[in-house]
Amino acid sequence: MFAVEVRDHVMIAHSLPSPVFGPAQGMHGATFVVDAAFYTKDLDDNGLVVDIGLALEALAEALKPLKYANLDEVPAFKSKITTTEFLCHYIWQQLRDTAKTTGLGDGGRVCRIKVSLEESHVARGWYEADI
Amino acid sequence: MFAVEVRDHVMIAHSLPSPVFGPAQGMHGATFVVDAAFYTKDLDDNGLVVDIGLALEALAEALKPLKYANLDEVPAFKSKITTTEFLCHYIWQQLRDTAKTTGLGDGGRVCRIKVSLEESHVARGWYEADI
Amino acid sequence: MFAVEVRDHVMIAHSLPSPVFGPAQGMHGATFVVDAAFYTKDLDDNGLVVDIGLALEALAEALKPLKYANLDEVPAFKSKITTTEFLCHYIWQQLRDTAKTTGLGDGGRVCRIKVSLEESHVARGWYEADI
Amino acid sequence: MFAVEVRDHVMIAHSLPSPVFGPAQGMHGATFVVDAAFYTKDLDDNGLVVDIGLALEALAEALKPLKYANLDEVPAFKSKITTTEFLCHYIWQQLRDTAKTTGLGDGGRVCRIKVSLEESHVARGWYEADI
Amino acid sequence: MFAVEVRDHVMIAHSLPSPVFGPAQGMHGATFVVDAAFYTKDLDDNGLVVDIGLALEALAEALKPLKYANLDEVPAFKSKITTTEFLCHYIWQQLRDTAKTTGLGDGGRVCRIKVSLEESHVARGWYEADI
Amino acid sequence: MFAVEVRDHVMIAHSLPSPVFGPAQGMHGATFVVDAAFYTKDLDDNGLVVDIGLALEALAEALKPLKYANLDEVPAFKSKITTTEFLCHYIWQQLRDTAKTTGLGDGGRVCRIKVSLEESHVARGWYEADI
């Protein structure tokens, strides 16, 4: 299996309103350094999984609603708890939709996506699945 | 598949008493930066794989016998060669036991664990398996 | 000059209420990975700049008011714009006070402190000065 | 599954002669930081996946034709587009051959190899497959 | 002293035509991950050294002639040996000119600049001076 | 001021026999990732601070007595407490001697050296001085 992975980041505020989150129940925030990996079984005629430039654009587009956002006020997250893991899955869904509509210019070859969010130097999460 | 991964470290001494280890046969040591990843198929009602705080505690507990230790004198490692790979598996076993006894507070959802040890900026090892 | 540097982190929310901040004027947040370096001219009888354990404790103590905080509601920051640079200086002041009151157990040998905050993989700030 | 991974690097020039590469069509270059991971199902009697020293030697040997090279003039790459992904696969093939001829001293236990190339702090690629 | 530092990168080809460079005399290349740090004695009324967005723009502008370039063909480098150190100084000069013409929107407060180029995971260079 | 910095590492065992070290009084160990920076006021005719290859050789040579060593048994460290800071200074002295005897091939231009040891992802030390 081949893959290319590109990196971007967002800086968000949110609260995690459940007792399990202890001190993180109140309004706080995070920088999420986001890695998005696209997998294909083969390379195309140009030797590519997907074009890295298009992959960076697709990731930037998927992150746009999160950039400098208060996630408690983002309509898409209403009544959701926006944990790192949840956000991995949310971004994964956006990138899957981009891939499905050939927004990656890959002719439908992308078969798997992994989205990782690093929330600090000691913790990260990811979601990975076939599309 | 979802995952969260947390990081801690240990600073140990050991010898690797077999000719294959060349200059590392004698007493030397290592800082192991340890990443432990916990995998689940789904998120719980709080949007969690496992609570990152509990994951960090479970990892710290698993590492306790290794902290500032001379592994040649740790009873659990008697007659073992404590390579990076061996230690990945040892820590993995401790975390699997924690997961099995619900020490991660995850209601038995964790289905896979990966333990990675970085021994330097140019070498690392890992063990990964379903539990 | 000798130095030891230790690392910790905070995850905060804040707004930056001035037009110069563009999209960051509203409520958003950041993970700040914080490095605190302590400088001395000489080593003590134990070969130390300062004890790394005490340095980590001093940094954790300085960061306590920022942990999972909404900086817009922290009394110490009332009417302040809590930029990365401003926070470097604020944490530097806390650590200087700790050093001055011998909280680092160094007998007054620390002569300079540097505090760095990494806000993402592409941006960081620091404040460094003699104490 | 167990794995050990070792790191080395190459600094190469190449052109990517297809319109899809935009500004990268002309002669430019890259530092590729290369990670090679070797997987085994079990550890040998010395507690090893493969000897890290031998793994580093195998990787250095595989990278020799790429060190300070202009890939446009490397015979093995004639009429190929030497993308990051293509090079992952090329290096993977070299390491597979080394493993197959027991150059890793592992007695044929290596069952899978992964080769990752980091081309910058925001982009990387990899190829991973059973051997 | 305060500082903010921002990161970008370039991927270049060049030759280093002097016997001292050994295998690097021929055409090869590098990814340079570039960090540019701007220093001020004080913060402005918004709590800033310089605006991080403007700093990123200034760095991107300084790097424009180097992006995907063959440095052997860049007019500004005619008869120059484009070592890592030389390029640090070249980029430093561009950023100094930007600072001098108030392109950083800092009202002339920037008093020192440092430019670092990481050429691999084991080597980097920098140039730092008052402006 | 110009600088180039190169990286290598050692994996050592040692004990720190003073009560101030708490759990680190007994035999334990560390991987030290070592960065050595060489400073010059100007570049030579080849555009160099020092040749990176020679700098890497000089660092490897300075680290030779520490590679896979039990520092408690290294004659040069008899009755010394081999803290991270102490070792920074020891390696600095070796590199200064190399520079003074023109082992860096720099014609005596190196005027300052910095040696940094990273002992884990959360702690490091350094020594820096003119030579």
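Should a chain be cited, it is by its letter among A, B, C, D, E and F, assigned in written order, with residues numbered from 1 in that chain.
The rule is short, and it goes like this: a contact is a pair of C-beta atoms (placed from the backbone, for glycine too) under 8 Å apart; a residue touches a chain by one contact, two chains touch by 3 or more.
Which protein is which chain? UniProt says A, B, C, D, E, F = 6-carboxy-5,6,7,8-tetrahydropterin synthase.
Predicted model, so just to flag it, every value in this text is computed and none were measured.
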If a chain touches subunit A and subunit F alike, it appears here: B, C
Per Cα centroids, the chain farthest from subunit D: C
Fitted rotation between subunit D and its twin subunit E in degrees, CA, nearest 5: 180
Pair from A-D, D-E or A-C with over half of its contact pairs in common with B-D: A-D
Copies subunit E and subunit C - interface residue numbers shared by over half, same or different: different
Where subunit C and subunit D are represented by their mean Cα positions, the distance between them in whole Å: 40
Between subunit F and subunit B, distance of the C-alpha-averaged centres to the nearest whole Å: 30
Multi-chain contact sites of subunit C, meaning residues that touch two or more partners: 7, 121-122
Complex interface listing, subunit E residues touching subunit D: 7, 9, 11-14, 23-24, 26-33, 67-70, 73, 119-122
Of subunit C, residues touching subunit F in the complex: 1-8, 43, 46-49, 51-53, 56
Contact set on subunit F toward subunit C in their complex: 16, 18, 20-22, 80-86, 88-89, 121-129
